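What follows is a group of structures, each given as structure tokens.
In what follows, chain A forms one complex with chain B and a second complex with chain C.
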Partner chain A sequence: MGSTASLPTFKDGTYRDDFSFRNSPESVLRAPFPFDKDEYMYAVNMELHKDGRPGTAYEQPIDVDEHYLAEMRDRALVLDEDPLRCQSLPHMEMAGWDTLELLMECKANSYPDSFSLERDGDQWHWINRPMGIDQRFTFGDATTLPYGPLEYITRQAQGDFVVLDERANNLWMDAGMVTTQADWSLDFDIGMNFFEWHAPVPLAHEKGIFERAIKYLLAVQQSNPARRLNWTMTVNPRLDTSPENYHQWGPENTHITPENVADKLFLRIELQSFWRLPRSNAILFPIRCYFLSMRDLSTVPKWAKRMHRVLNTLPPELSSYKGLDNFRGTAVDWLAQFDDGSPTTPGPFPD
Partner chain B sequence: MSTVQYADFKSRPFYGVLKPASAVAHLIVAEGEGAQAVMDLIAKAPADFASKATLLYAEGPYVSENSRSQALRELGFARFHTSATAAAAVPRLHGALDRLRMGTEVYLTGNESALSLFVKACTEAGLDYQGLQTEHRGSLARRMQCVHCKGITEDVTTQPAECAHCGLLLLVRDHYSRRIGAFQGVNINAEDPSDVPPKEEIFR
Partner chain C sequence: MSNHAAIDVIVSEVVEVNSLIKRFHFKRRDGGHLPAFSGGAHIVIEMQDGEQLRRTPYSLMSSPLDTSDYQCSIRRDDEGRGGSLYMHREVKPGMAMKISPPANLFALDLRARKHLMIAGGIGITPFLAQSSQLERTGGEYELHYGVRSAQLGAYLDVLQERLQHRLHTYYDDQQQSIDFDELLSTQPAGTHLYVCGPTPMIDKVLNTARGAGWPESHIHFEHFAKASPGEPFTAELSASGVTVEVGREQSLLEAIEAAGIEAPYLCRGGACGQCETRVLDCDGELLHEDHWLEDDERSAGEKIMPCVSRFKGKRLVLER
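After this line comes the complex of A and B, so read on.
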């Protein structure tokens, strides 16, 4: 068992309408900045997810931060509008219980002041103090919870959660809770295998990225979770950039100007992790989103410099696939003021 | 053929050529020009093949017993049923799948939309899609699901194409869901609705 932590004071920001989401200075510094070099290309950037560096988003296995309650409120709003954002194919019920157990255990172990889990055989008692939840239920009996096990626990956990079934040497996206996605649809992709749901990604298939990645993922064992980082950019701190609603948020992609780029354009970081589940042998794939505005980045000199260089040298296919073409130049111009051309230190962490 | 053009898009189905398998029984589902694929299959098969086979044939809309159906009927299938369209054949296909014997080989042929419907019916019945034989014949017109309103538009031939349900102008992607049996359509001018690109007829 690792160290424990106390939760910060929760912030009240929103991820829609008035977009009042803001990071505290501490929240900026703990973010999992995704670039360890001054340029970016796809790689199988997988590593073990353990022994997390203190004071960072990696410290606890399942990170809970100052945006917890705000993010859970946003998820509830998305689900009210579109219940198809949480789906589970019939054979994935056991993997849902595995997920519930893993997330409850991690949270109770990491943040004992805020979460607790007591077990007496299959009679479980879960307390989530920040959300005011006190739930007794029978493990394995979905009629004792207000939702199915996957939906129940992921309404209380930041980030998206995809559950991958393993069959025929492949991974199949057969369940998930997806409300903070970078423009992909669970409803469309559910049931696809690893190569199929990645089909729209440019360049990476030809580079053999997915063949190597799936070998790594199939070898993930219980108690040895893995992680990787991914990123894109989002106009406004909008968690729910879904294809379902693209016709509503798409126009915002054209709203970036030199005057508003610092506060309106966000680096969207995905901390992805991979957990082998004990009963179902499925893999839980949390995709946790962190936002840093361009102004947030500018408070960390190394990050501002590096962001400038990464955006400046990004291959056009990636810029287009990630949807950055409308504002990449404006961001590069604004970040240039922080880049004196001097070398950056290795690795992703601030100096 | 479509197989070469799209084989490198990983979610998009690609199709082969029907070959007679040694199996206890055969279930063949064909639509329109797929009739010729069935003829070619029979030409390659042992003499007793048709006597162990069921053929469901969708002739095409508003047609009764056309020349293709008559030619197929003469091949001596153990069971032979015709339907007007692929969609109309699906309930009968579900019925045949419910009664499918272990060791039956399944062959599907027709246009892209028909294959989408037939494969979807087979996987819903619990068959592994990788065990199905498929051959594309006829139109490349696509079934398309609107990612916004979830409605399915049939027989899409243009790029972009209008959603028949919500009316949004959609980019027809190569991204394909076997579960839904459709390609994905995403609003093409969301960033600037006043920018209306012309439609080109490309899925024929």
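After this line comes the complex of A and C, so read on.
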């Protein structure tokens, strides 16, 4: 971090209907592949979010990639149908301004050709060139923006954003923008604490994962953001796999066949980061989604081999919780052709 | 988390507030703005006191809305380990120092219908920042401030102007004291209580509030007690394979840091739990001074908070 970057040419894919989303070869290689070993189990896999590796999704603190405009169009469509995907409890207004400041500062610092922020006291001037936005506003005065501060800036930022209030040594999900989620609902979880919204996760409670995780999260301080990866699999590159729309995507889980698995089944990677917000003392929790189709994975020999082994050895409880049971066998069979049984090199990055 | 990115600052001003308290102003060395913060936050000031590197937390008292400088008011503690004496005697305008980014362990609960603040002495400092914040964002609050005398009551004038009828002052030398029973039994539902001051005062407020049925979630407190000096002792650090000598004026955490070993910390006042360390062997007595461990954990003798607690005896081995 600290270095700047230029944005690639934006792609026009869709995340619904004809599902025309495709990764460029560069986009595949920069993805944050989530497996550093040949098998997977829950762990407190958190690390400091810094020292971004050049040429990867970690390079800049808030990553913007070739799918930026397509994702923002999809978010606007979701919000048109269901405004409750963005909510903020009354005491979270300050955290919304903190979020706006953080995202604007990060983008302007990382991609100065595309974003700029000028501040003169509380008179701010924000330019988002890719989206054609030129906005002057008064920091702290929501009447000078077309939306509340959280909604305004997260309509211009890839990934979901959850804002956690800290009280009584716990974190409370009191605001968020959630349209690219792996089958969970902000409207259902809002107001819950860390242990309540994680209640459905199998195995991790018994392993004491959440007690250790919250201790780590509460210690996240300004200028020291942290990150972790999570993953699941999704049929079709559909960002909005929400409980509210289960009737649309749920049946697709049975549509995977040996013929279509390579292009229709996606590894869904979540790059989650954790930022202490300065004025509100809240924690911002961005959850950024990256899709890799099974065919995308097959272009990186180490990843195809490892994906095969991870899926093959996944504990049944996790397979079931992540909703993989309908297609896991088909994916393992297809990936087997890329796995010669030879050892893989340590770490997640391609050889 | 211990690897805070320290901020290089210049002491821009030192103001004598009264015979016991000085106020220190810090600006960034590179001239930029300091990080924004929330009322109740503290910074950790690094002091190179001869051979010894001290890291001492102080509340930020300046307005969270003004990040052109940070201000801390420090009361001289002639009985302490020397951090406040160093600040009072050695720190002059123009001096370069390092501070941590702000962290807040005493934040306002922004859901509160009303904030009830109780301060004793130098415990006023976090409330100065919080009242600035509330003046800007709105929110009902009142402050009850106990001081020794009008001369030793810091910032009475500032607070009088800012709070007016919401400020209630109590002077020890006029035999005035806060009637906690009355105060804590007459608050509207949805009130949050905040108390910062000497430990006996905090204990009295907490006991009264709990006795009056206040929910724990609505009670917030911050001790300003810091590590106290004590007899020197030795500690073995098993993971590092190092033995450290803890001096009279040094904390165990400082001795660990002086040996070049990174240890986690946040408050350095025995309250946040970050530096909790396992005791592997103890032939002697752990002198617990923290507000973190539960009573049963103390009697079990398997954990110590090295930022404030000490040891007396033959052998102490820590998992560090």
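Methods note: the second predicted complex is superposed on the first by the 350 of 351 C-alpha atoms of A that agree within 3 Å, B and C clash if a C-alpha of one lies under 4 Å from a C-alpha of the other, contacts with A are read in each partner's own complex, and residues count from 1 in each chain.
As a working rule, contacts are C-beta pairs under 8 Å (C-beta built on N, C-alpha and C of every residue); 3 or more make two chains touch, one makes a residue touch a chain.
Source: prediction; values computed, not measured.
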item	value
Side-by-side fit of chain B and chain C on chain A, or clash	fit
Chain B versus chain C as contact partner of A:Pro278, first or second or both or neither	second
Partner chain in contact with A:Thr234 - chain B first, chain C second, else both or neither	neither
Touched partner set for A:Ser88, first chain B, second chain C, both or neither	neither
First (chain B), second (chain C), both or neither touched by A:Ser185	first
Touched partner set for A:Ser298, first chain B, second chain C, both or neither	neither
Contacts of A:Gln222 with chain B and chain C, given as first, second, both or neither	second
First (chain B), second (chain C), both or neither touched by A:Asn128	neither
Chain C, chain A and chain B - angle at the middle CA centre, rounded to the nearest 10 degrees	70
Closest approach of chain C to chain B (Cα atoms, Å)	5
Overlap of chain C and chain B interfaces on chain A (superposed complexes)	none
Interface residues, chain A side, partner chain B - complex	84, 185, 187-192, 195-200, 205, 243-248, 250-251, 253-254, 326
Chain C-facing residues of chain A, complex	48, 90-92, 94, 98, 101, 165-168, 215, 219-224, 276, 278-281
Residues on chain C engaged by chain A in the complex (per definition of touch)	1, 3-5, 35-38, 41, 64, 101-104, 107, 109-111, 137, 216-217, 264, 266, 273-274
Parts of chain B lying in touch with chain A, wherever the complex brings them together	8-12, 145, 147-148, 150, 168, 173-175, 177-180, 184, 186-187, 190-193
